[in-house]
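Which chain is which? They are A, B and C, in the order written, and residues in each are numbered from 1.
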Amino acid sequence: MKLPYFEYEAPATVAEAVELLTKHQDEASVLAGGQSLIPLLALRLARPAMVIDINGLDELSGVSVTDGRVAIGAMTRDYAAEESDAVADAVPLLAAALPFIGHEAIRSRGTIGGSLAHADPAAELPAVALALDAEFVVRSQSGDRVIPAGEWFEGYLTTARSADEILVEVRFPAAARGTGVCFQEVARRHGDFAIVGLAASLTVAGSSITDARLAFAGVSDVPVRAADAEQLLVGQAPSADLFAAAATRATADLDPPADLHGSPDYRRKVAAALVRRGLQAAADNADERQ
Amino acid sequence: MPDITVSVNGAARTGSVEARKTLADFLREDLDLTGTHVGCEHGVCGACTVIVDGRPTRSCLMLAVQAAGSEVTTIEGLAPDGTLGALQQAMWDSHSFQCGFCTPGFVMQATAFLSAHPDADEQQIREALSGNICRCTGYQSIIDGVLLAAERGRQG
Amino acid sequence: MAQIAAERYTGASIKRSEDPRILTGGGRYVDDIKLPGMLHAAFVRSPLPHARVAAVDVTAAQALPGVVAVLTGADLAAITIPGPDPLLAMMGGGGPMPEYSLLATDKVRFVGDPVAVVIADSRYLAEDGCDLVEVSYEDLPPVASAAVALDAGSTPLFANLGDNIVGPHKRNEFGDVAGTFAAADRVSEFRIDVHRHQNVPMEGRACVASHDAGSGVLTVYAATQSVHVTRLGVAMRLGIEPDKVRVLAGDIGGSFGLKIGASREELAVAAASRALGRPVKWVEDRGENLTASGQAREESFDVRAAVSDDGDLLGLDVKVVVDTGAYPVMGTMVPSIMEAMLPGPYKLGALGFESMAVATNKASYVAYRGPWASETFVRERVLDLLASDLGLDPVAIRLRNAAPRTDPPATMITGRPLVGVTTTESLERVAELVDFPAFRRRQADLRARGRYLGIGLATFIEAAPGPRSSDEPQGPMALESMRLRLENDGIVTLFTGQMPHGQSHQTTLAQIAADEFGVPFEQVRVVVGDSDVVPFGLTGGSRSATMTGGVALHGARQLKVKVLDFASHLMEASARDLEITDGKVLVRGDPASAITVEEVARQAATGQFAADVDTNLAVEATFDGGEGGWSGGTHCAIIEVDVETGLVNVERYVAVEDCGALINPAVVEGQIRGGVAQGIGAVLLERSAYDEDGNYQSATFMDYLLPTACDIPRIEIEHLETVPLDADVNFRGVGEGGMIVAPPTMVSAIEDALAPFGVRIYEQHLPPARILELIEAAGRG
């Protein structure tokens, strides 16, 4: 299908972009990488009156590290984040998830901020951001505010960003020593959206887990943090039995959707398998980062 | 309708397009570069793959206006004087294709991939090409073409 | 036996002459065509599965700048002639044929049913116009499945039919069915379902229609498997003399059975072009292709098998219901082919077969690569299930039941002789290539460690083109024509009605002609795709290797006779003493006598010969298939199931095939691999899904999943070549076989992997969630 008509603006500065959003609010869609928005436009499922193209905002690109946090500009392309040493060193869970995003051509254009602002619950980055308690920096004409990941994902394709705000940066904490990570997904084919995905991170000191992060993709209309399962893990020694218990706990309260690719029961089963496998892999990797 | 100038296959090309027109449609209709094909228009099949600023890109997921100021290479740009490039020759030798509709997308994706990963093995090549759909071949002959090109490239 | 010319090209994987343009973006597909003044069409389509059309308001759409015209179903009905689908009309399907309008008039019958067509300056604007067309619908109860359609109380899709049964309910019996079943040691019953899936070529349907008022000629640039069938279809529906319709086809992006004749939309576009006096282009987008172009394979089988305790399959009694969708095309024709093919290469002594086709609110059931393929699926599934019941090895039960190669050949109970079928040889060869005992040890070892590998196989035959039979009705497909001409410049031109869309005919036919005539490969040109120029033909049915390869072979010989007869006047030698080698005509044994074929041709064109010298260096050749023949083989897959996720990995896939002599091995293998990929896709990924209300759910590539390079393994292929059936033409087709046999091969392997759980499989679509369901159900039951 062909895209429907829309007004088009390509602001040269973030301030201009914010001004446009303030003026047009919900009537405008922000065009970042386009790998999610343009298909919606082409299928005529989205019909914004205006498209604000922020690909000219070079100031929103880039990875920097300060104070134990990695700040990634919203317009940083997926492939650039994949190639970033800072990301690989300090945010290994993000580095592990990036290759799962679609295919290489998607990652040529897709952006870190775009995926997180779009907030498809089956996408990889929302689960990673939620697992790591990332922070979302949005800007309006009133200035910047910082929204923690726990408050960012409000509903299906809905975030805490107001219509007059633009996401400028996402901040990830740097992984502590002794952290092992695993990102996995069960997808119908290589590169597809996850039927169920899992972002897992374990920090191990001595023989005991000091920090555990588990977040699912694809099990709800938002990414889901398995906080209870995390608590079960902290303070314990890694073991297959422990991971099995965590899997049971993590999936007990899940209420996944039914769709063409799987029933709720199927997703729960797969989620449990991913927790068992993901925690084992993360524990194995943790050894390497001591 | 804004005028845009895009560098396509090394030449500055100008057109007057609505903002909603995709790069794929601009190449095919405004520039008569019909080698880039449209297979799904929602970014899954890869038939529309071109190279933008050195990166493989789905041209159906880019607006033409977004390509202004970028360097775009299409299938027509690989063998401008009619002599097949090394990858194309290897694919010819390997009987890589049948109906040919997916071909330009595969050639562009493989071109970009091989230039960045000249020593890729079969599994890496399969993953790199897994975003391009072919309905005719079952992929083996395409993979063989890419492997042959890589091997010849190593032999110099 | 005629002397077979030195095979320099035939049998070799000659590089394709199609590829230089294909690889450089120089292919010319319908959407690449630009004509002056050309307009673009887009269709308004029903969002509802079943509804009355109360009103269609096109005023807002017509008023949109850039929109040139909006035509409704009523508008088109007024300028066209009612009739059935052109392919159906040509093939003569059985049963009542509802005549339906090009666009819906009073009713819509499936989601995607076209209701109006907007013609505008660009496709963008045409779609904008579609958004503005207002259609009022009155919902009708959906007939969303065959079960609903079979209910006499379901709302009829077609008023003139009274119910939703569109295919005649026929029962035929072959052999003594009742006696066989009464005497059998056991009778097993199975219900086997094949799911709806579809062709999905990478290029959808497309055409440009251009009516020239001055000459009255309507030119249609088409993506089609036959320019002539399209021409006849257009002529019929538009009420134009066929000689005033010209169909041109260039490169075509695949079809697999979809693009035969002319679809309702293409006919609407042709009529619109004539009405507007301007060229009109329509290129279906992927949503239209998935939703509306047609789907295939949805059949349910109730099977009874009469079996001996030793594993002899004595008889089958099969009832099939075909879900033909809303506008019956192929669905009513498929059962009779299934019936004919059901015995397969086995010694089956009795067959009872009943069929029924029902109309539902879904897209039409169309031909898809091996349209009858489910008969192989059913038969091979039954053999596996019986083997499991009887504790027999799956290879052994097939060897036991395979018809032996005898002279005269064994005959299927449904009538066709199994001449040259090498089922036993292919089964044995697969067993050699795949060390079953070693696999079983490995399988047991891995099972103990919680990993589930499985091995499966299936064997098949396909009529490619089928054995010679005097009982066969002689239709347009029974004789293949070709015109061969030596041009003034020495090029040998072949004019064929074949319409390649990936089959590489421009290469393979040139190989044969080059060998037979005696010129280099580059000196042969194959002309396709112009209904003014090429003889009648259709690419399909896995017949071109034999029929067209054969007519090329014999035609090239006939042309050579003519050319040598003429050359004898130039060279003062008897034609008997002349030969053509490597592009030169020479007296045998006297190289100094050689003159080029080009020179001979040039001379013939000078007109300087006596009236009794035949200087028309062209022949019209026909070929009836010679001894015809079957292709077939055995495929084997080794797979692993992750029983926690249901994901299946294909570790190894082996195909032992027999298609007689190979014209071009690379082309043959490409056809096999592509078909196998579609079969793997059908089992693991592809489903044309409708919900219980008739809403279509697989309208994008995010939901209709095609296999990728990570899903299809290297497919090992080995060729058997039967003893030649025909002195000269021993090439047989392979187009459909891979797609026919891969699904039962895969399902067989998955069932084997899940055997420890007690899983038995009676269906073809096994996505991950379904595999987990099967494991769980087997555990409960």
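Just so it is clear, a residue touches a chain if its C-beta (ideal position, glycine included) is under 8 Å from a C-beta of that chain, and two chains touch if they have at least 3 such contacts.
All figures in this text were calculated on a predicted structure; none of them were measured in a lab.
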* Report which of A-C and A-B is connected by more C-beta pairs in contact. => A-B
* To do: Could you find the chain whose CA centre sits the greatest distance from that of subunit A?
  => C
* To do: Could you tell me the distance, in whole angstrom, between the mean C-alpha positions of subunit A and subunit B?
  => 29
* **Computed distance of Cα centres, subunit C from subunit A, in Å** => 44
* To do: Provide the list of subunit B residues touching at least two other chains, using ranges where the numbers run on.
  => 18, 20-21, 41-42, 127, 130-131
* **For subunit A, residues contacting two or more additional chains** => 1-5, 43, 189-191
* Asked: Which subunit C residues sit where two or more other chains touch them?
  -> 124, 285, 700, 702, 708, 710
* **Residue ranges of subunit A touching subunit C (in the complex, touch as defined)** => 1-5, 43-44, 186, 188-193, 195, 260-263, 266, 269-270, 273
* Structure fact -> Residue positions on subunit B within touch of subunit C in the complex are 18, 20-21, 28-29, 32-42, 44-45, 47, 74-76, 78-79, 82, 84, 88, 91-93, 95, 97-104, 107, 125-127, 129-143
* Structure fact -> Interface with subunit A, subunit B side, in the complex: residues 18-22, 25, 41-43, 46, 49, 52, 55-58, 60-63, 65-66, 109, 112-113, 127-128, 130-131
* Can you list the subunit C residues touching subunit B in their complex? -> 13, 15-16, 18-29, 31-32, 34, 124, 200-203, 251-254, 256, 285-286, 501-504, 666-667, 669-671, 673-678, 700-702, 706, 708-710, 712, 714-715
* Mind listing the subunit A positions that touch subunit B in their complex? => 1-8, 10, 31, 34-35, 38-39, 41-43, 51, 53, 55, 79, 102-106, 108-109, 189-191
